[in-house]
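In what comes next, chain A is part of two complexes: it sits with chain B in the first one and with chain C in the second one.
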Partner chain A sequence: MATLIIPTPLRKFTGGESIYTASASTVKELLVALYTSHDGIKKHLFDDEGELRSFIRVYLGDEDINELEGVDTKLEDRDEVSIIPAIAGGSK
Partner chain B sequence: MSHQDITFSKEELERYSRHLIIPEFNIEGQRKLKASSVLVIGSGGLGSPLLLYLAAAGVGRIGIVDFDTVDASNLQRQVLFGVEDVGVSKAVAAEKRLASLNPHITIEVHDTMFTVDNARELVKQYDVVADGTDNFPTRYLVNDTCVLEDKVNVYASIFRFEGQASVFNELLADGTRGPNYRDLFPSPPPPGLVPSCAEGGVIGVLPGILGSIQALEVLKVISGVGDTLSGRLFLFDATAFSTRILKIRKNKNNPLNGENPTQTELINYDQFCGIGVPSEQLREVEEITVLDYDQWRKDGREHVLIDVREPYEYGIAEMGGTLIPLATVLESTDRIPKDIPVVVQCRSGSRSATAIRELEDTHGYTNLINLKGGILEWQEAVQPMLARY
Partner chain C sequence: MNDQFLPLNVAESAMTEMRNHGEEAFPNECCGFFYGEETDGERIVTLAKRIENVKEGDQRRRFEISGKDYLAAERFAAREGLSLLGIYHSHPVHPAIPSEHDLAVAMPWFSYIIVSVEPSGVDHVRSWQLTPEREFDEERLVVN
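Here is the complex of A and B:
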């Protein structure tokens, strides 16, 4: 099982859960498993062309998947994948 | 003046003695702080600890950019300010506090909004920039200005219980610049996708933690002591108390300094972030002003008021509506009549407009009217005793 860390802005789609686990052999399989089981989250991850949104990054461990094989990056059991969103708060 | 020429008075030596006795920092590090200048953009949640620590540590010249005034709802986390500052310009109140904290430094107040028109001129006057702003357009403006002016941008951002920090565009040993915000996030989310602190909330201590990390990184950038967060993104989740550090790589498609730069000047950042751009799919809904609605109530006109905010917002202030949170309106049509006028209300009028569009599209409502400006406008114009949030 691979673990996916859900950032705060997306937790409203996961019932507040910060961790999602599924058996998946690639990053894409893991993200698809997430959005097929959680309504509303897909458009926050992928654009209409199926590309990852420009305001999120996906990491395997501490490395950006773009430095690996993108969403086709292979996953092993107990790998940790993170979705990192752009957030802007700070002043108000 | 080069930092070697910097001297200290007896008072300063005593004040900074805990720095001076750190072997790696010593008087050399303190000289560099005194010789340096930092521009802090935003003196709110992040800016408060940032400014306090930079001033206390002895950064020689500190600029503060903020156009806002202190609001009572700021005091939960903006520890620069006290009750007596409510209603006062933040930059001016900050200057007063910092001057009493350290009389040996210079504070420069820029009581203005940080905009495309003044950004480069302001940033030029300082060695390092610290970004304590609260919205995407200003964050991209700060980043791009720093890249164009070859300045380091010490970054932090927060949302509810989660924080991020990094050091962008730092001059590296090989003469190149480290990654910047555009390498991490080439473009921002569309408006409404990620709520601001004003809408999403933030736990009071979190900006204190992230702003302190920013202050620490500023001191490291200036003194050259230790390894900064350049090329790394620090993440903190306060709910789980988990911290992570991820790598940030340079993106060859970065429009500012990638392989084929396409942007050599500042741009319209509101437009870049999709703000103020009329959206075709968002059609207009029928509206009523708070004054007209107040008259309806005085006249005893038959209607129903639906409040589509969340229960925790209702607990802060309400105007007598039936609470049906936006996410549940479509399942709650048995509580929303079709035969008499229904006024729909939220905090500022945006969620209620969404609720109306959804109800019209899926259930054929034709009697829904949006309360323009929401409960905020109602509080301002009709019922001042309600709490604002």
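Here is the complex of A and C:
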């Protein structure tokens, strides 16, 4: 089972739970398992074309999956994956 | 003012930290996280922590927090039994109103505190939350 850490602002979709676990062989499988079992969370993670939203990053352990194989990054038992909202902005 | 949101009650020490950070970073934008708890009737901010603005280029109009710092903030909250309630940043010589850049990456549920800073010091502070329609509405900000 892989573990997925839910960021605080998305926990309203997981009944307040910070951790979700599922059997998944890739990061994408884990994210799909999450949104098929939790209504409302999908649109905050994926756009209409099924791509990860630009302001959502995913880490495997302490590493950005963009430095690995993206959502196709393979998972092993007890891997820890984190959803990380990009935090940015500015006045103009 | 949107009464759908819980009032945001900020401890004076946390507010002082955010204001001081805004003034010290001037003319650049500062940024950081704040923590506390949410009860049935209010959000209580007990702690603000400064985070490095990692935006490359001109930091007078932009800020960015690294993924690693975000991950560390979530882990800190879990370890301390606190909730990560939101993000603060400053708008140097600009009102504390969210910009399109703030809106583009905003998350639901988080409170977004903006500190407006003039050369003479902090001018005003306001707090915002995203609505289900992905627009920002102001929330009531109280300093205790």
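Quick note on the criterion: the second predicted complex is superposed on the first by the 85 of 92 C-alpha atoms of A that agree within 3 Å, B and C clash if a C-alpha of one lies under 4 Å from a C-alpha of the other, contacts with A are read in each partner's own complex, and residues count from 1 in each chain.
Assume a residue touches a chain if its C-beta (ideal position, glycine included) is under 8 Å from a C-beta of that chain, and two chains touch if they have at least 3 such contacts.
This is a predicted model, so every value here is computed, not measured.
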Just to be sure I read the superposition right, which of the two partners does A:87 touch: chain B = first, chain C = second, or both, or neither? both
Figure out whether A:67 sits in contact with chain B (first) or chain C (second), or with both, or with neither. first
Applying the touch criterion given at the start, work out whether A:57 contacts chain B, chain C, both or neither, answering first, second, both or neither. both
Just to be sure I read the superposition right, which of the two partners does A:8 touch: chain B = first, chain C = second, or both, or neither? both
Chain A positions within both the chain B interface and the chain C interface are 7-9, 18, 44, 54-55, 57, 59, 62, 64, 82, 84-92
Chain A contacts chain C in the complex at 5, 7-12, 18, 44, 54-55, 57, 59, 62, 64, 82, 84-92
Residue positions on chain C within touch of chain A in the complex are 29, 31, 55, 61-65, 67-68, 70-71, 74, 77-78, 83-85, 87, 89, 91-92, 94, 98-99, 101-102, 104-110
For the complex, which residues does chain B have touching chain A? 42-47, 66, 68, 74, 131-136, 139, 156-162, 164, 184-189, 193-198, 200, 202, 207, 210, 233, 235, 237, 239-240, 244-249
Per the touch rule above, chain A residues touching chain B in the complex are 7-9, 18, 44, 53-57, 59, 62-64, 66-67, 82, 84-92
